[in-house]
């Protein structure tokens, strides 16, 4: 009991510290924090669904883009909180439809399906804007500062990780692991596979939509090629996998160093950025095979064992 | 801040798409000019300040990887972390808009070149230190409509045009403007479709355009599309009397690949070949970069850097003052005497045509240096 | 209508050509190669270089580029993929590992191309002459790509399904663990299939360089298109890739002609999604079971 | 002659095989009896190549060491394994599975005759030549696995619980077939839980317990020695 | 005795192949029935249709009068059908205990937390895996995996237990243990439908046997009678076994 209280206090203190950080940093620092927190939220939300089920989704940017675009379309007409609600609702609705449609797919078929889906949504939005509204770019002039965006992202990242923690301790978490191992067994032990997957997919997608919506005011100008940039899906996936998609803190631990690495490389090696990044990537795959967090744990266990032996 | 005496250099930063989807455009129109200009300034001993001293330029460059989140953060970094003296703008309409609030907030003048927008007057109101140097869609489409009307009157072409446009900021801006301009000019649009970015096969559109009976074919296209259209039009033996295409017609590679066949092809931009300053610039660019500049945006980019250089010479490193100077001053650049109107460059070439291996300016026709268009375009050489 | 169909088929030929190498690499060597498109673009640059600098026409260029690509694939598999494959025997993480590793490879190749060739659009024209096929004016270079796709597709398909050697290649795709029991050198076979896939990617790149503008950053476009086709046709199924590629070409052309060019890509993905919903393992994929 | 000398095998910390020395002569049939987990499958796998043996171990074929030979070269040397869990190529047809069986070079001559022989042994396979093996019943898949191993023209055929999941009539047929295989001069190394039937075709038998060989005798003796039976059947079940 | 499972003119078609052809039989409450037949005669397919892994092409399956044919496997599981698989299916990344908890946590009156862990331990002890809950399922031997699979099936508190060759691969001693285990279950009133090729076990366990051949039922009745049926002998047992 006292431990729980202690942990809660620590968590609250940690969050407070994180929330306080922007006041100590310049605009660039805030921008960095913001981008990093955005990816922590994205990767954690992605891993909520894709980690335990091993359904690798490339639809991240579809929902991210839906969120951002909703803000672009509605920011003039609705109050900010209503815009966020609307974005979440649209994201949820799309997630449910997509989820229902994709339940039969497995493995790489699902991966590419979700990629195709993101592209389809982008094409349809483009087509709609071009042919129906006759403009493509939209402007977002909301009086929201980078700090405010950061705080919102921090909140949503914290909520996402909290959800992940709750799920991992619940029957839902076990159901996901069983599904990830063997769907046939899962079905025969009474797990409603479709329901579980759908619920998780919807939660994950809604969070991703919100991250997109929250980040949108940061770019004044929004167009489909910007908000539906498939790189976002890939980065999210890579970060989560690298950190360890099956662990609570894995995605965050993948997102933070990678994000900083990208930043550092592009600042210091703008011309050889790609090559160095690529080599580092390959090296990471070889050196920490099961994700950064697992690697850290292994190292820790190793040290402990050595300590005990001594 | 730091006074001029303590300095050893002027820090100039920019974020540009070195990789990703925008790298192709940025690598032609923007980046080589930044490099050329910095090189030339430093060769000459640096940027001249009002007191006559010269300080070399120290460049800080970032790759925005064609992602708008990156370009936003890179500009923040330049402004707050690196505390550069001036920031050069990124490539592309969207990216220039994305960073405009930051330039404004941190007080940097933004000399946006590779951004074509009809909303420039609005933006100037919103962001006082923003400058828009490449005009808006209407400027180009009205110039085109003018040319077409002249040709119609001369009996060269019929009243129909077939238009295709790329479904991206640039294409949409231009097609929207074109519909208006053509309607105003009484020109009938016989075929009007938009295609997605990344389209590689234009055969269906070309055959529909041919079937529409229009004598004029207009494509508000991006470079890969422009190249593909040119090749596929030859294959299909599609010979509109007026062939007008978008970005890419002015790229050096376009001429290299198609040789004489491009004679008569029209596009945005153009050059007054009798303007020695321009031709000299082209030679220097070719020499230093290893390839020629394009025939539209490059020279304007270079011009914008010269304006900045001159404004610094007149007003020093005070960004407020430099911005004011850019707004109100008159500058002598490769483009001749330049004076911005409401923070926008209006003395631009809005239409050009390949004539004897040079992409000459044909519109506005009444501006000095303009050449008469040669129409109808000769059919593609037989294969 | 016939002309439209022919145009579509010819366009599809390019798609099919690009997809077949990936179906070998992914279907047989089980490497999800995200750097596939980069290899293709690299070959395009190589063809361009040979043509513009040494005056070697791209068809002859194939004679240099294809063996080089094969060797490259062979080395890459040996150096990068093989340790991952060995490692995954225990952990079963080959899919994730290969995604991560080839994602790195993608950046390396792209970076090398950026440094050597720059970020500009590159194109040249070769065999860009119209040939009349049943009333449709088709570019000779595209027709060549189409022919190459059909020939490669048909040959490889026959070899894979009709010969023992081809069957050994499919066997490692089906059951890696059992392959040594029948004397198959898994490593060598997988390596060969991977190298063959690399070679096909390069052949696609050379063909594409003849009629399409490319730059160093464009690889991912081809990877994704190829993946879509591979999945639509059914993993590891060459005939499937060929047919799915042609089908996509036809659909795109029909939509561009009769509906709206703005919806071509949307139609592509729609078709893809519908096919998957109807047949979750692709047009010619084996039902269920992994 | 196929033999192992002091073969030891380790999974992590767990020593699955301790100093196993067994031998099978040309044309001889040897059965290994032992409780579940005694290490029988591990022994076959160690001979067939994929498992890494400990120092001091050896596997000899005609007095030449084949330990450490790449697994895919073992069938080439004339040793075939029908593994636990069958290891068939599920997405290939029956015909293709058999074709692959004859993949080692030593199997190329006489392939047609052997193919005919196998269809003769297992008429069900002849009926279902083009069916995907994945869609066949468990027993049918077992037939494919045995047929495929026979296709490689082995000198020594190792079978890991071949009767598993087969209908009684098929088990009888299978062992009749194995008798015929034996008559062609192939040495058989058999791991079986079906003690009586396996002893009925064997010449000799080894008893295995917790990774060690604990007894060896002629099949006749084993069959009639209730004490031995009791010892190994009771010993390791815990 | 009331009928628990009632199968009527059940049929399953795979393309051109009729794997199960108009098969009808019943299993009464508390009974242990053997489903026999040569390899490929359609036994597993019947079990698959009962448990919902496959949807019947036609015919009816009822459990206590409720139709379950064609329902999703999880719904059928909730109605009280549990099964093991011909080739064991374990959840490799979970521990042995978690494998069992998986079933406890998703049955209608589910258990979770301490209660589930305790119950799992009991069930594991019952199948002879007492104290081994912490091991990784992947590290178990084949027989132990089979035991664990049975514990998982029992955890669902089924009314009908389907065992697909659960006893195969066991040595004579283990076979005896296995038979005792199932006997104990059936003493407690469990209804069992089992597919088995080991006649010793069938004779010991089952009062009744149903025999299939090429998809059709060829015999149904008391085990001893069925196993003496000439049709069964010629199609399934072979002369040696009579």
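The chains carry the letters A, B, C, D and E, assigned in the order they are written, with residues numbered from 1 in each.
To be clear about the criterion, contacts are C-beta pairs under 8 Å (C-beta built on N, C-alpha and C of every residue); 3 or more make two chains touch, one makes a residue touch a chain.
Since we're looking at a predicted model, the values are computed, not measured.
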Intersection of contact partners for chain A and chain D: C, E
With chain centres defined as mean CA positions, report which chain is farthest from chain E. B
Centroid comparison with chain A (C-alpha atoms), farthest chain: D
Pair joined by the larger number of C-beta contacts - D-E, B-C: B-C
Let me have the rounded angstrom distance from the C-alpha centre of chain B over to the C-alpha centre of chain D, please. 76
Take the average of all CA coordinates in chain C, do the same for chain E, and state the distance between these two points in whole angstrom. 47
Nearest whole angstrom, what separates the Cα centre of chain A from the Cα centre of chain E? 43
Do you know which chain A residues sit against two or more other chains? 123, 126-127, 130-131, 271, 273-274
For chain E, write out the residues touching at least two other chains, lowest number first. none
Got the chain B residues that touch at least 2 other chains? 18-21, 66, 167, 194, 196
Which pairs of chains touch, using the document's own definition: A-B, A-C, A-E, B-C, C-D, D-E
Chain C residues touching chain D - in the complex, by the definition given at the top: 164, 167-168, 170-171, 173-175, 177-186, 286, 289
In their complex, what parts of chain A are in touch with chain C? 56, 101, 104-109, 112-113, 115-117, 119-120, 123-124, 126-127, 130-131, 230, 234, 237-238, 241-242, 271-286, 289-290
Would you tell me which residues of chain A are touching chain B in their complex? 26-29, 31-32, 35, 123, 126-127, 129-131, 134-137, 139, 215, 218-221, 223, 225-226, 229, 231, 263, 266-267, 270-271, 273-274
How about chain E: which of its residues touch chain D in the complex? 14, 37-41, 44, 86-87, 141-144, 165, 168-175, 177, 197, 199, 235-238, 240-241
Touch list for chain B against partner chain C, complex: 17-21, 23-24, 26-28, 66, 164, 167, 193-196, 198-201, 203-205, 207-208, 223-224, 227-228, 231-232, 234-237, 248, 251, 253, 256-258, 291, 383
